[in-house]
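Structure first, then comments.
The letters A, B, C and D name the chains in turn, as written, and every chain counts its residues from 1.
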Amino acid sequence: MSFNTFGRLFRTTTWGESHGPAIGCVVDGVPPRIPLTEADIQVWLDKRRPGQSRYTTQRKEPDTVEILSGVFEGQTTGAPISLLIANQDVRSKDYSDIKDKFRPGHADYTYHAKYGLRDYRGGGRASARETAARVAAGAIARKILGGAVVIRGAMVQMGAHKIDPENWDWAQADANPFFCPDAAAAAAWAEELDRIRKAGSSVGAMIQVEAAGVPVGLGAPHYAKLDAELAAAMMSIHAAKGVEIGIGMAAAALTGEENADEMRAGNEGAPRFLSNNAGGILGGISTGQDIVVRFAVKPTSSILTPRKTVDTAGNETEIATKGRHDPCVGIRAVPVGEAMLAAVLADHLLLHKAQCG
Amino acid sequence: MSFNTFGRLFRTTTWGESHGPAIGCVVDGVPPRIPLTEADIQVWLDKRRPGQSRYTTQRKEPDTVEILSGVFEGQTTGAPISLLIANQDVRSKDYSDIKDKFRPGHADYTYHAKYGLRDYRGGGRASARETAARVAAGAIARKILGGAVVIRGAMVQMGAHKIDPENWDWAQADANPFFCPDAAAAAAWAEELDRIRKAGSSVGAMIQVEAAGVPVGLGAPHYAKLDAELAAAMMSIHAAKGVEIGIGMAAAALTGEENADEMRAGNEGAPRFLSNNAGGILGGISTGQDIVVRFAVKPTSSILTPRKTVDTAGNETEIATKGRHDPCVGIRAVPVGEAMLAAVLADHLLLHKAQCG
Amino acid sequence: MSFNTFGRLFRTTTWGESHGPAIGCVVDGVPPRIPLTEADIQVWLDKRRPGQSRYTTQRKEPDTVEILSGVFEGQTTGAPISLLIANQDVRSKDYSDIKDKFRPGHADYTYHAKYGLRDYRGGGRASARETAARVAAGAIARKILGGAVVIRGAMVQMGAHKIDPENWDWAQADANPFFCPDAAAAAAWAEELDRIRKAGSSVGAMIQVEAAGVPVGLGAPHYAKLDAELAAAMMSIHAAKGVEIGIGMAAAALTGEENADEMRAGNEGAPRFLSNNAGGILGGISTGQDIVVRFAVKPTSSILTPRKTVDTAGNETEIATKGRHDPCVGIRAVPVGEAMLAAVLADHLLLHKAQCG
Amino acid sequence: MSFNTFGRLFRTTTWGESHGPAIGCVVDGVPPRIPLTEADIQVWLDKRRPGQSRYTTQRKEPDTVEILSGVFEGQTTGAPISLLIANQDVRSKDYSDIKDKFRPGHADYTYHAKYGLRDYRGGGRASARETAARVAAGAIARKILGGAVVIRGAMVQMGAHKIDPENWDWAQADANPFFCPDAAAAAAWAEELDRIRKAGSSVGAMIQVEAAGVPVGLGAPHYAKLDAELAAAMMSIHAAKGVEIGIGMAAAALTGEENADEMRAGNEGAPRFLSNNAGGILGGISTGQDIVVRFAVKPTSSILTPRKTVDTAGNETEIATKGRHDPCVGIRAVPVGEAMLAAVLADHLLLHKAQCG
């Protein structure tokens, strides 16, 4: 079973390999009569597109999306929307010498062991190139959510270097190649990542994505809790190793008094919360506060420094990966995390309408 | 849509409220001819059962499980297994004064906002009592996995107090009321939790669950990645706020060289890994190493110290919760985390057989 | 994989064997704040209940339903509703001599071959007793649909004897033990079925179920078409061998001119159809006309006349089934068909709200 | 919710409209290391391809399939297989005068009512052109089933004219443009369909599809019964109005003695059945006998004879459809029925391996 579909009512099925002719997805369950053009999707793909700075892979992919179905005269029809993105800058020969070796930290070995073969060109199906399809689907999810829901993301840690939350400025996140909301940190990261990049190394990162304007009531206890679905969505992103909601891992250290987000009377009958340790979710259901999710991504496994490994025949060897890689995949994980957040929320908006609408 | 089923082929549907006549679950997809008795399930329920020490709720529930279907002459038949656990020690009057107020940090408000009514008795459906059904299902999952897969759990942090990993001794985890693998830490925790309990307060915790003996190849990219499914499973547990696999959140701070779990030739053609930052999962597929998952749970929201809140009419008020509560829900989350880990692995064992068996 | 759940948003999971302690189901996805009592469900169970005339099995089961969860102070809460029906009149010894033989036409052989064991007592999981759980779920589905949707069923053929459609009178369907809408046919059937019953034989039947008041727009092309879902729902009923919608099988013989349900202007902008060959469904979506579904059930396989068979050891033998059986299972299939129709419509009502509401 | 995915483990998601740039599907869950080329799929598409005789639509579509993913060096990889078929012979102007009118018997009205808009060009998403994607997926399903399972189909009735079962010859089904296994009937049908075609009329049909070599044990009681899944699969085909298994609707008229497929000792421990009223399925599980399914399709709704209808503004009018249409859609439904049968069996083969393998 290779399960390439996510969502319950707003459902996206992705397909494609890094060095195949194209990648894409089918987005099903979209409500009808939503205005949708390729430009609505392209703007988000452009945010994720590689090769926009020296800090991401130098593979040149325009990532131009084509809508093949489900839209008629500029509106969604309720039918499945098929999206296709051609692969253009494919250099498969770069990979010929890793064809028979497993990169430590990479999916090479597990794909080989599970399936008995693997498309080694550019990581094949395991390539983070798959995330372009997620971003495209996320663009449609944003349309379903409408303008009242604002989804944003930022990189908040690169390697050992965290931002200073005091400096948080969303405008900054669009002003540097790191989606970093702290201008001072961004400057330091630039220097550090140049060093890492030139050394052929890589580094991990922490990403934070948020949604404002989410209505109260989204989520479905117990096994489609909004936080559980978000955890799966973020952990399904390439290289993700941890996910947290609101106060997250730090909740372990709190007392009940500290953790409680106290409530006061707010507008229009809704309470006003005095803090947001919950990250906008209680009992698996949105509270109306901002949804706050963070996830950690590990460093790229394709590095120049030789590492001990084995080959497909079981022999001990070493591997050093050339090719074109992101020195910090966390950067491009920002728009991907945003897309996944949008997709989960759109799905639950439809689900909530079904049961409680 | 209230989604109370989890799993794809090994599927569990739970039902029941804290103060209803019973709780239970239906476990579907179980292979036939597996020996199964109520005692096989009871042993795990007993581990989670409340009232076993002064550190958990004093509600007296024997949690006796009845198998109502799916087993014939001591063997599973392939038909759905219905499990029922009667609620016995119900004191609903304890809750009458929180009937119209929302506990900060609790699902009270969101259930009320989403559904327009709520069963306030003991938390109703949102009660952690639901986890007894998960533990029962997990017992069946263990049977499917067989003896070669060993699943264990431990509490590794209580409030600000972490265990010392150097002291890790699995035998200790069964020897104290905290499932704490560090004897020294357990002694300190006892003192600390007595203090918290007497103060009517509560504290968060971190739980680690592990599976040894998992075959290589379980997991399904991209949206049923083993780590994504585990993240959802753990985050669906009451009070969970964060989940991480292997090195987890700390991966953000690593370089590619540090993160790489190098490989040497191992036995029977499988590689031997020199470290396990991956926590046993690469590309969403098990590597054959130990699966290592940690999750953080927030402190119980039902505390004696008054907190600011609003009532169902929107008026500002305060709330102090009496009733019987766990001062640290993290303790009983240990067997629950184990059960969820077992359930996810059993599901993926069946899925892997289907596609690659 | 034993798949005992049906529905997408309104989801029912059934469990239980004919001679186990109980049968039941969990109904998930029910909207909150719907008034629901056990009496609302019991009325439909009573319609299906065995032993009400000499034309059904003489097993005495009161089929008293208990609501174990999901209802609070007389209203649904949005949480899963667990329903339990105790088995009371179990005579397992009746089955001891068929324990090792396969009844031709029955699931005995296939269960044995698939699972390697079978609960032979009363047919175990394969028993039509399972349908009581469906009827209980159907009662909740009717509540979701509301009073504007009227679901009715009738037996329209027993063995070779069809009703005369000219005589159709819904009042009659409640006035005889056959749910037969043709009083003249009912009288003839009584005589015929007495003969069959006394001979220890059995006979097939055709059932028609209808829904009036269904709003236009329910259904989801292409793989959740309303007719496809109804076909699966009816074919999942024990002994069903064929399903048709509207003109059904007879459509094969028509020309395009004959088949076309012509339209004239109707009330409130909706068209008025001049015929209903479509059975209320076009392109998998409801038209607003009556939904009309028919399904054929084969005769009960448990008969007194000896039939050639083999035993579990592969030896040739004969079998004659005693025990208590329905001479015409089609009778009790009427309320079951109604329940399945209600369940499919309720599910699609929620689905339609989600995407187009 | 527009649900364009079918299957549980072997899952196909189709997309595309009649007059869009392309149609296609994503086939997920395919086991790895199955040899697969475009030619393996093309052979079945060619069987369904329009314009091969004067008895089908004259639209000229080569239906050339491209594999965009999931295959590497001639073998499946376990990743999703994306298939694309370009639309080439699109004449949308043919449809401009039916843009605002509803064809009686067609999905025009219900799509309009449900979605509030419709892609009227060539039927848009409701077009039978969608079935090309099913046939492509069915080709992969056949590869999963392997050579031991043989799937064949035939048209057994055209309008009022049934074949004579005595004349059944599978070789004939490949020798005439009707997939008719009775040479004499085929000759008569040719004459009759010429008449219907020239009159701008259309006619219904009955299709029979069979699978030989199916192992015993496939199917999952109760809601994934093999017959229930086949019923849904066939009823999801455009124009289908009824489905039956084995003796089918005629079961209603039988006695238990007549219906029973008696058993004698067979080879290798499996019984030999003396008849096949069951159509190869008992209790929802395959018996090892041939699976036999029939389904009725209504006549094409697009006919030249004017029919009464209304327009999108609710005004009464008439409609006569020009354009290029199949006078008997039943012909091309034969390879579609085969594909759906293959897909359901492949899915259940994987499911059976998971639970009982």
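Just so it is clear, contacts are C-beta pairs under 8 Å (C-beta built on N, C-alpha and C of every residue); 3 or more make two chains touch, one makes a residue touch a chain.
Quantities reported herein were computed from a predicted structural model and do not represent experimental measurements.
Shared contact partners of subunit B and subunit D comprise A, C.
When the contact pairs of B-D are matched by residue number across A-B, A-D or A-C, over half of them reappear in A-C. Averaging C-alpha coordinates per chain and comparing to subunit D, the farthest chain turns out to be B. Interface comparison, C-D versus B-C: the higher count of C-beta contacts falls to C-D.
Averaging Cα coordinates per chain places subunit A and subunit C 46 Å apart. Chain centres here are Cα averages; for subunit C and subunit D they lie 26 Å apart.
We define each chain's centre as the mean of its Cα atoms; on that basis subunit B and subunit C are separated by 39 Å.
Counting partner chains per residue, subunit D has residues 1-5, 9, 14, 29-30, 32, 78-79, 114-116, 125, 221, 350-351, 354-356 touching two or more of them.
Residues 9, 29-32, 78-79, 221, 350-351, 353-357 of subunit D touch subunit B in their complex.
Within the complex formed with subunit C, the subunit D residues making contact are 1-6, 8, 14, 102-107, 109-111, 113-116, 125-126, 130, 157-160, 196, 201-206, 216-217, 219-225, 227-236, 240-265, 269-271, 274, 277-279, 281-288, 296-303, 305, 307-310, 314-316, 330, 351-352, 354-356.
Subunit A contributes residues 1-5, 9, 11, 13-17, 20-24, 26, 28-30, 32-33, 66, 68-70, 72-73, 75, 77-82, 84, 114-119, 124-125, 350 to its touches with subunit D in the complex.
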